[in-house]
Amino acid sequence: MHNDSRKIADEIILRSGVNPRRCMKCGKCSGTCPAYEEMEYHPHEFVYMVESGEVEPLLNSKSLYMCLSCFACVDRCPRGVEPAKLVEAVRNAYLRQQDNKHMNADDVPAKLDDDLPQQAIVSAFRKYRK
Amino acid sequence: MQKVNRDVLLEKAAAMLDAGEVQAVLGWGAGEFAYDVTPRVFETSDELRADFVWNDFCGANLSKYLVSKTKKLEGKLLVFLKPCDTYSFNQLLTEHRFEREKVYAVAVPCEGMADVQKLKALAGDGISSIESTDSGFSVTTIYDDAPVEVKGADVLLEKCANCKSRKHVAYDELLGDEGEVLDSNRFDEVERIEAMTSEERFAFWQGELSRCIRCNACRDVCPACTCEKCVFDNPNSGAENKAPTTSFEEQMFHVIRAFHVAGRCTDCGECSRVCPQNIPLHLLNRKFIKDINTFYGEYQAGAEEGSRAPLVDYTLEDLEAEDVFKKEAE
Amino acid sequence: MQRIGVFVCWCGSNIAGTVDVQAVSEALKTEPGVVFFTNYQYMCSQAGQDIIIDAVKEHNLTGIVVCSCSPRMHEATFRKTAAAAGLNPYMVEIANIREQCSWVHKDMASGTEKAIILGKAAIAKVNLNAPLTPGESPVTKRALVIGGGIAGIQTALDIADAGFPVDIVETKPTIGGKMAQLDKTFPTLDCAACILTPKMVDVAQNDKIRIFSYSEVQEIKGFVGNFDVTIKKKARFVKEEICTGCGACVEKCPMKKIPNEFNLGMDNRRAIYIPFAQAVPKVATIDPSACNMLKNGKCGVCSKVCTAGAIDYTQKDEFINEKYGAIVVATGFNPISMDKFDEYAYNQSKDVITSLEFERLTNAAGPTQGKLLRPSDLEHPHTIVFVQCVGSRCAACAEKGKEYCSKICCMYTAKHAMLVRDKYPDTEVYVFYIDVRTPGKNFDEFYRRAVEEYGVKYIKGMVGKVTPEGNKLKVRASDLIAGKQLNIDADLVVLAVAIEPDKSARPLATMLTASMDTNDFFTEAHPKLRPVESPTAGVFLSGACQGPKDIPETVSQASAAASKVIGLLVKDKLKGNPCIASANELMCNGCSTCANVCPYGAITYIDKEFPMFDRTMQTRRVAQVNPAVCQGCGACTVACMSGAMDLRGFASSQIIAEVDAICR
Amino acid sequence: MQVNEYKPLIVAFCCNWCSYAGADLAGNNRLNYPADVKIIRVPCSCRVNPMFILRAFQRGADGVIICGCHPGDCHYTSGNYYTRRRMALLFSMLDFLGIERERTRLEWVSAAEGAKFAATMNDFAETVAALGENKRLEDLRCKK
């Protein structure tokens, strides 16, 4: 499990192009974040947790969608760490994980209801097929 | 076939000579045969009209001669420079080898120069005349009345076939286009040799260098080799050598020659052009250029006057010597 | 041909235990040039040295090879021995057969064989040795100090105290520098003026020290011991010798709205001004960009009120040439520009200030007479936020901040916070920090006092944004330990701005051929062992021009630089190292490659005429090595293509001879 | 003395301030390394001309090692930086010519690194001995 986490974290680092080791833990990103109160994990915590490979809580946190991508943290970070890019990469990592939890044809009948448009079913298959 | 023809160059030079704006003209003169055009200094317009040559055999880089010729003149010297020659021109200026004010540099576009060896291989020995045609040359030999047609592209000098730049980087006056830096494949052959095993490389170079007759032509023609006294002529240098008398008397010659011009060599290709034994000497220079580009970032000697050569420069983060081979493997 | 004596030392059993010394001396006797050989138990002993001296005299030796311990051990000893025997000391070569032979090899046969080869190499080298004499150059016994801050002042006072004349060049109208602008100094909280101004007076009264205020260094030529400097004394339109500093002119000057640099533009001065009451020299200066009389010839009030008749509107810049033996750089620092830090609203609100501005606001001689009032409405601020590391430790963008730690901010911020709480206990004081760095005597104790005794609120975290709103400053910051974002309504925000070397340092370094790092701090000759010397001989570093420094450190470095200067100036002649480079002019191309690699700027070029084979004369550019500056590294000898550049004592031919001897 | 046993000939150029002192320290601490290594003292590693190295090979050296102060520690502030570039290019060129790359080496050895000096020399001597005699440079111009 831990290894998995580390792997995801490394991928996040790779995809974001962010080097969390440059962080000097000053907290200016969180100090500047306008969505701070809405977030469970804050920009500096994103940097710290990705660096230490502790990404599970981030992947499952609503904070991912609270980030406004206003890039204030990117602009003001004295070390050029770019936390917002990291948040975006975690978001992407979460979406990519969904890919593995694709829908089975067997699951479909249970999910059908009358209001469901045909298009939604087709697109669900397209999105979640392996 | 050159785009700018002889008359344009000739009239330019003759007019300046006659007007006294320059004291002499450094150009190319007719030699014994149609193909052995040689560097020459002209002092009158009559001389120019008689012997000045501008054709596909003007491979010689004239910039080197500025070092000694400008010292002998009171006035200005007009020099014709092909694009690759302008790089040497800048490099010599960087090294304060002649005074810029004493030179009037006329840049001439170049479509590539012909290699006599290749021409002979296709048309045969005993060439009596060469006519330029649209696509190349019509060559007559003393053995056959019927001329042989040769394609220009087939007989380009190596340095022209892999031309790095058609851009003139220095001049007072430009005849024709300024030209552009090209994407060349000049490192392909170096890469091919690098890909060999150590044994293969050794065998390759042994095959090439064993032909060396130590005539010093490569050094004598090199525009980077303008030392007042060359180490190879200096008994105190520890590198002075005569023709080889023992198996290993002078194997260092080619390494030292190439090292002495490393970071200063503009890759003008003159060394290989003049080698009577057809040793691909430019490969040694290009190996250094390629290494410098890989290890320390792109650097083109002579592209800019006054630039700092890589071997007299450093950064704190330079590659360690032991990492050289790791870097190359990348 | 040399006449060489070979002396093999046993070093008791240290060498003789592993090396057959008899065999070594026997083997070496047939080497070219060897006319005498012997071995002895302790060559370095008096008896051993006597053997050498006797042999030199008896056999007319011209060269000596001692096979013994490392030259790092006894080369100097044997050179002295040679000199005592009437030989040039540089005709001695050592074969290191102890540290690099007998002590590392166990086998007698291979040890002996190697010792013989090392001996042969030394003989081959000595065959090519030439007598060397260290070059001598005279020393001008006067020092130049560039910069009149506390660093320059301390250096000048110390040098003058040793009896040498010193000139201080200061660009401002007065000496004193940044320290003169400070209020109190940490960690003792004594007032800056109380400890600085007496020193400034000492400088003014010291007859060994001349002050060139309102002046700049224009040109520097020469080298260690013999610098030739041109100083530009800018016209101040006041005759310095006559002005009494009474201030009548300042009072009457009608141009009242000129931002006062000394108070960082927080109040105004006149077109004619004296920067502050304790200025040295205490003379007025007319600002030509503000003075009506100088701009359009209308006014002349100051001239009318000056009873001494010191005003001179026609004064011109003056150029002074002087010779110096040593130059001390003390150009100091400045806070960086806040233009790129929009997030702190420095350019939007008057109530966001730098720490240096804060110093002026709390200084009794400052714009508010020492009362802490916010600049916008002159109200007393009740909530003050201090932000540390503004532009320091910033690796994001080179134009914005500096990658290094500015070193002094932690301490002065603690000082500011403490002073506010002391004077105005009703004030809330927050300090936002990333790390608190307080190494130094009584420094951490000082910082802890700010927290524990004065109740300053230190918060680990950084301020992200300051927004002016009404008469408040909304400060948004993170508190990393509480895991909270804080929103504070502050009345005043004080930024601990990064410091950078003064802009004048870079052109000065070029003039001095002294090296700098990428941040424009001067580099030292050795980061640990020669911290106050520049690699350029005769140039010394004092204060923040070498790196961020607080006052105690600056003063100790200033005194250290002074002691190095004194050590240089007490010498009548400078004896150089004779093992230096020299160019063979006949072979030199004048290509400047050698000068490009010389770390000391020892190589210059001249045009020289040479006779040619065709009996004409030809002018060529050739290199010249300044023997007083060259340190003998040899970088130039390899850079030189033609081999014109060679190194005495380590000539190419000598090294090749050694190679040949070893490989024979 | 053994006659036929192959012993490599190794020339070591050591800068006076760091590596030569490091070699002395190896001696002080009696750290063994092969007697095949012969040291030549130079003021700075930047004094070592590539021509000296070639000369050594030409005269029969089997390996050449250059030792200097660590980057940043050069007594002359920048000498070893030039050395580093020069040697990187030279070594690469020799390799390009088919000379075994293991025959040349550049090491940073400080005055405090006596142990590193001895270890380096042991390793280098072993590597060179494994390669055997240096024939290639000798034969480069002479096709057999």
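In order of appearance the chains are A, B, C and D, and numbering begins at 1 in each one.
Please note the rule applied: a residue touches a chain if its C-beta (ideal position, glycine included) is under 8 Å from a C-beta of that chain, and two chains touch if they have at least 3 such contacts.
Predicted, not measured: the structure shown is a model, and the values here were computed from it.
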Interface with more contacting C-beta pairs, comparing A-C to C-D: C-D
Gap in Å, rounded to a whole number, between the CA centres of subunit D and subunit A: 54
Between subunit B and subunit A, distance of the C-alpha-averaged centres to the nearest whole Å: 59
Chain centre separation in whole Å, for subunit D relative to subunit C (CA means): 36
Touching two or more other chains - residue numbers and ranges from subunit A: none
Residues of subunit C whose C-beta touches two or more other chains: 597, 639, 652, 656
Sequence positions of subunit B contacting 2 or more other chains: 231, 237-238, 311-313
Set of all touching chain pairs, with the criterion as stated earlier: A-C, B-C, B-D, C-D
Subunit C partner contacts - residues on subunit B that touch it in the complex: 71, 95-97, 226-231, 234, 236-238, 260, 308-309, 311-313
Parts of subunit C lying in touch with subunit A, wherever the complex brings them together: 343, 389, 393-397, 401, 432, 434, 460-465, 476-480, 483, 485-486
Subunit D partner contacts - residues on subunit C that touch it in the complex: 70-73, 96, 98-101, 103-107, 109-111, 113-114, 117-118, 121, 515, 523, 525-527, 535, 579, 597, 599, 631-635, 637-639, 647, 650, 652, 655-656, 658-660, 662-664
In the complex with subunit B, residue positions of subunit D that touch it: 50-52, 54-55, 57-58, 71-72, 78, 81-82, 84-101, 105-106, 136-143
Subunit D residues within the subunit C interface of the complex: 1, 9, 11, 16, 20-21, 23-28, 30-35, 38-44, 46-52, 55-56, 59-61, 72, 75-79, 82, 86, 118
